[in-house]
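In what follows, a structure is listed as structure tokens, so that the remarks can point back to it.
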Amino acid sequence: MRILLVNPNSTASMTRKIGDAARAVAAAGTVVVAVNPPDTPPSIEGYYDEALSLAGLLAEVRKGEAEGFDGFVVACFDDSGLDACRSLATGPVVGICEAAMHLATTIATGFSVVTTLPRSIPIIEHNALRYGFERQCRRVRAADVPVLALEQPGSDARQKVRSEIMRAIEEDRCEAVILGCAGMADLTNWLSEETGIPVIDGVVAAAKLVEAIVGAGLRTGKTGGYAPPLPK
Amino acid sequence: MRILLVNPNSTASMTRKIGDAARAVAAAGTVVVAVNPPDTPPSIEGYYDEALSLAGLLAEVRKGEAEGFDGFVVACFDDSGLDACRSLATGPVVGICEAAMHLATTIATGFSVVTTLPRSIPIIEHNALRYGFERQCRRVRAADVPVLALEQPGSDARQKVRSEIMRAIEEDRCEAVILGCAGMADLTNWLSEETGIPVIDGVVAAAKLVEAIVGAGLRTGKTGGYAPPLPK
Amino acid sequence: MRILLVNPNSTASMTRKIGDAARAVAAAGTVVVAVNPPDTPPSIEGYYDEALSLAGLLAEVRKGEAEGFDGFVVACFDDSGLDACRSLATGPVVGICEAAMHLATTIATGFSVVTTLPRSIPIIEHNALRYGFERQCRRVRAADVPVLALEQPGSDARQKVRSEIMRAIEEDRCEAVILGCAGMADLTNWLSEETGIPVIDGVVAAAKLVEAIVGAGLRTGKTGGYAPPLPK
Amino acid sequence: MRILLVNPNSTASMTRKIGDAARAVAAAGTVVVAVNPPDTPPSIEGYYDEALSLAGLLAEVRKGEAEGFDGFVVACFDDSGLDACRSLATGPVVGICEAAMHLATTIATGFSVVTTLPRSIPIIEHNALRYGFERQCRRVRAADVPVLALEQPGSDARQKVRSEIMRAIEEDRCEAVILGCAGMADLTNWLSEETGIPVIDGVVAAAKLVEAIVGAGLRTGKTGGYAPPLPK
Amino acid sequence: MRILLVNPNSTASMTRKIGDAARAVAAAGTVVVAVNPPDTPPSIEGYYDEALSLAGLLAEVRKGEAEGFDGFVVACFDDSGLDACRSLATGPVVGICEAAMHLATTIATGFSVVTTLPRSIPIIEHNALRYGFERQCRRVRAADVPVLALEQPGSDARQKVRSEIMRAIEEDRCEAVILGCAGMADLTNWLSEETGIPVIDGVVAAAKLVEAIVGAGLRTGKTGGYAPPLPK
Amino acid sequence: MRILLVNPNSTASMTRKIGDAARAVAAAGTVVVAVNPPDTPPSIEGYYDEALSLAGLLAEVRKGEAEGFDGFVVACFDDSGLDACRSLATGPVVGICEAAMHLATTIATGFSVVTTLPRSIPIIEHNALRYGFERQCRRVRAADVPVLALEQPGSDARQKVRSEIMRAIEEDRCEAVILGCAGMADLTNWLSEETGIPVIDGVVAAAKLVEAIVGAGLRTGKTGGYAPPLPK
């Protein structure tokens, strides 16, 4: 099985980190390829960046479809352009926010999300609503760190994320926490040990969920909203 | 007051029709300018076309903001990129689906939507959910006509739309109907007379709603999700 | 265009203030007439006062309809008797709570309401639900000031409202605030400057929204819940 | 225990029928008094009639409270002025739509409502929403008979109600049916036998529910929305 | 009328207390019999205990049905096995959480629940959702006392429950409180006096609600989900 | 990885079929063991059968936990006792209804369910609600075939299921269909080819979803509702 993981932003170091996170959990026989468009914003922080990344993201999915990939992961926690990607792809397309939330609801009666910037909170709250998880999602919180600070060795970003999770446990009565940014993928194990509750990374969740859907023999339904684009 | 109306698709004849519809209802003193990006799909039919229109749409809004427009209308019934536009604009930005639904709820206890193609139904149903109108919106229906057929003189598109409205009245117990495509703007009066219930065109609704918001002295809030994009 | 603004309580000074607020934003060509019934409670504070104001309110709307007004505003934040008024009126009828909430959702991803007395909180929460804004309305708060204290020059009512808005910004993550009482109409600009976020007055919002609906050529649908009263 | 049953309309024959229905099920020791205001509409058919009945309804509840009644039933299926009545009463106040829906949910996984006129459908749908029963209420239907036709011996109103219930069973998959008008109280047993599913009359349901609440030693909470009206 | 009250746990002292609470409010002519299965967990604390109590609970209801009881109360706040019991019973079956919530909504615009252990919170939150009271239920709280501590004379359990109610009043703006455990039945009056708001015990509520449903002549609908079990 | 698949009913032929279906899709290295309790009902048809299967189901999960299974599938479409099983298990526990719905939402904007008997419809509708999929689940339908008829070679059960799916496609505008009974697992491929849309079997979906959760390194959260049972 071959899975294409598309990081919609153009920061190659983040793409590598995301690809590594997915490969670390991939089943035997699963090939994970991680790419990013060349010309999108270096990080997706809010609605505008998200919108500007879509054309590049779709181009990568179109290429991947032509190359016969079996499934796709959109590796931005906004789940940018998920529906448009599905209209292009034969196999399943899964977003990392979506995947993390699906998995969270099977291991906890309620979860919270800790993301980077406050401006992303309404985006993630809206994701919870569209997937149907507005009741299970106790709260979306921001650690107030820029996305790329997670890439910088000396930053206090990790500690801020850890502190926000501790607050979530105390105030939200959450039984699991989702990391609300693809750039946090390498913090998962450390945070899980530190906090004592399941900590879910969306990249890992999405890679495994795509494997599961492909493995179940399922493909994207093409008779309604995800019908192939009409020729123009 | 100057309002910029952006048609996200690149069909100039539709832009003209939309601009005319808005100008026909504009208050004295309101200037309506209607534009479209040069390089987007000629019609927005589904998630993919919508995604491909965003960069062009945002470029037009950015230009309009620089030119000091007081408010903006996004003239595609998918309400494409509405949130991203809001992060760029000082004044209000209103989508035509959004506006039609807001107005419908003040004159009817329930409304239905009649759009062009079945693939647009889940998009519009999702719009109803995000605006909070999932209860008032009785049903989203498709007349099964391509968007550009509405521009062709000899087509039976108008009759199909009319028939679908009659079915909506009978089956959905709706007290008003919304036309689910910017290209239907010129059918509003005829359909209203034919069907005997209020028929709402989103372009007219959005133009008037932007006038109202600007006239009320309100601007887009900038302390959260609609904060200006971060420099990259 | 002629708009009748009915203050359901019988305090004439408040009617004048409300009329002034609406006229200050009315478009060229819009005539705003503000009236109140002679024999309703001097202020609407809770369910009982609201119920007692309905007969007087409806009499004013009936008179206004006979005089050919194009649209109506019900100027009490409980949106008292809105549906009954609609069954009497040919043109649109808009409540000030309703209008403020509609406009708020176009400029902010979430808003809070600051009203006068705690007993009004469940009424306004219920309004949010019936309009579909229960998700966008982050919280309804009371500044704990009687309605008529807002009319008294020396009272600390204004400062209490201001403080409650500051708490709303900090605790509710709201991006706009709605003033939950027609009697706060004259505080809007001051509060907006003090707090740094959009502050929305329902009277202004409703006056402009009625203008928009009438300007869009729309009238109240008469084939269902808003059918004219049966003769008795 | 003394229960005051207030029919908000002024048709004395209906008041008698309602009182009889309640007395037929009252527990030993329960006294049911049925009254109606002298000057309200003869039937409540839609929002306008409902609003015009409120002052009279409240006057009856106020009198009843002074006479020490232990609990109150508002005997119109619109549940007119329920909240206002609660602010006046020490004991519980229950509406007949509310009571029927509460009881229905304990004996069926889903119910439908059959009311008189189509214009009442949105009112009852809204009741279902405010009580939280929008999911259990499968559909609100109208038999299309005027309220007072139920009082006329030769009318075909009964057969129309019966036919609509049969349609509800077939189309809505409902496991119980609620009669959506106080004037149908005397049809309950006949309809239950004819249709083979539980048929619920709101008057009976409300009389028994008030008995239950009073018997449980509970009174209306007075620290929030139902606080006594402020002196004016 | 004969009502069978089944305590699903096997602690006879609690069964006696529950039976006494119900008998204290039963109408003249109502016989309340309280039983418990012999071999279920001594207390129901979480999903596992609940599941293990079901076979015993159902056996008691089956016996009661054979003995001709008119109605049934399931006296565990998890409302364990309510639907399964209904498929066995001709008369109504009511849970104590369900009953308390139904009654609470008629005397307060919002209520909170105070239960024993934190692990029961998601169970009760889910109950609120399935009954449709997720909006009226402001918050489910745990006093953090084991169920059987309520039976021990010297424990501080009562004070902890009282303190949690005081916090609920202050923080949740609730107008009534429900005691979230059958074992709190004897604290109701004391807590109501201490806290100044209506305090609702589920056992009392359920006994009276069953009386009301039976008194209204209603039985469990048998044409859908509650059809009698198929022979195996 | 070792997954224990528990069929809560006691029909060994169905257990074998279910085990085969799961093994057919299991990843290399995954061992699937399928068991059933010895003394539960031969089929789960409604609430009562479900309740009677729980003790046996939990005993199997307890044994499996002792034997170190990494994850568990509850293979009844009612998702019986899911929460109780989670309190026993270290690894994830997934229900087949739950899994099918999770996967369906990633490949279709809306799905319908086709189950065996009408009495199971409210159970499955409630499952959709508790997982948050009440909006994506367009309709739950019954083909009106007993569970064990699916095991009988000559029965017309398969054709009835096929016909009901065709009706779902036409009437519900669903883009995928879920088979609402573990006993339909062997019909999936045939039905998918016949109907032209993705047909989802819960057993396959659950086996793959458990693999995904275990593979992602996640375990059941133990700090809230799923805490281990207290010793009794």
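A, B, C, D, E and F are the chain letters, set down in written order, and residue numbers restart from 1 in every chain.
Here is the rule we go by: contacts are C-beta pairs under 8 Å (C-beta built on N, C-alpha and C of every residue); 3 or more make two chains touch, one makes a residue touch a chain.
Keep in mind that this is a model prediction, so the values were computed, not measured.
> Going by the stated contact rule, which chains contact subunit A and subunit B alike?
C, F
> Moving only between chains that touch, what is the shortest number of steps from subunit A to subunit F?
1
> Give a one-word verdict, same or different, on whether subunit C and subunit D use largely identical residue numbers at their interface, taking over half shared as same.
Counting which numbers both chains contribute, over half are shared, so the two copies meet through the same residues.
> Can you check how far apart subunit B and subunit C are, centre to centre, with Cα atoms defining each centre and the answer in Å?
Centres of subunit B and subunit C (C-alpha means) sit 27 Å apart.
> Between subunit A and subunit C, what's the gap in Å when you average each chain's C-alpha atoms?
42
> Approximately how many whole Å separate the CA-defined centres of subunit B and subunit E?
The answer is 51 Å.
> Name the residues of subunit E that each touch 2 or more other chains.
83, 86, 109-110, 118, 121-122, 129, 134-135, 173, 224-226
> Which of line, ring, star, complete or other matches the graph of chains that touch?
Contact map by chain: other.
> Hey, which chains are touching each other here?
Here the touching chain pairs work out to A-B, A-C, A-E, A-F, B-C, B-D, B-F, C-D, C-E, D-E, D-F, E-F.
> Please give the residue numbers of subunit F that touch subunit A in the complex, ascending.
25, 27-29, 83, 86, 92-94, 98, 102-103, 105-110, 131-136, 169, 173, 175-176, 188-189, 196-198, 200, 204-205, 208-209, 211-213, 215-221, 223-226
> Taking the complex as given, what residues does subunit A use to touch subunit B?
41-43, 45-52, 54-55, 58, 81, 83-84, 86-88, 118-119, 121-123, 126, 129-130, 146, 224-227, 229-230, 232
> So in the complex, which bits of subunit A are touching subunit C?
Going through subunit A, the ones touching subunit C are 118, 121-122, 129, 134.
> Subunit B touches which residues of subunit F in the complex?
Those residues of subunit F that touch subunit B are 109-110, 135, 173.
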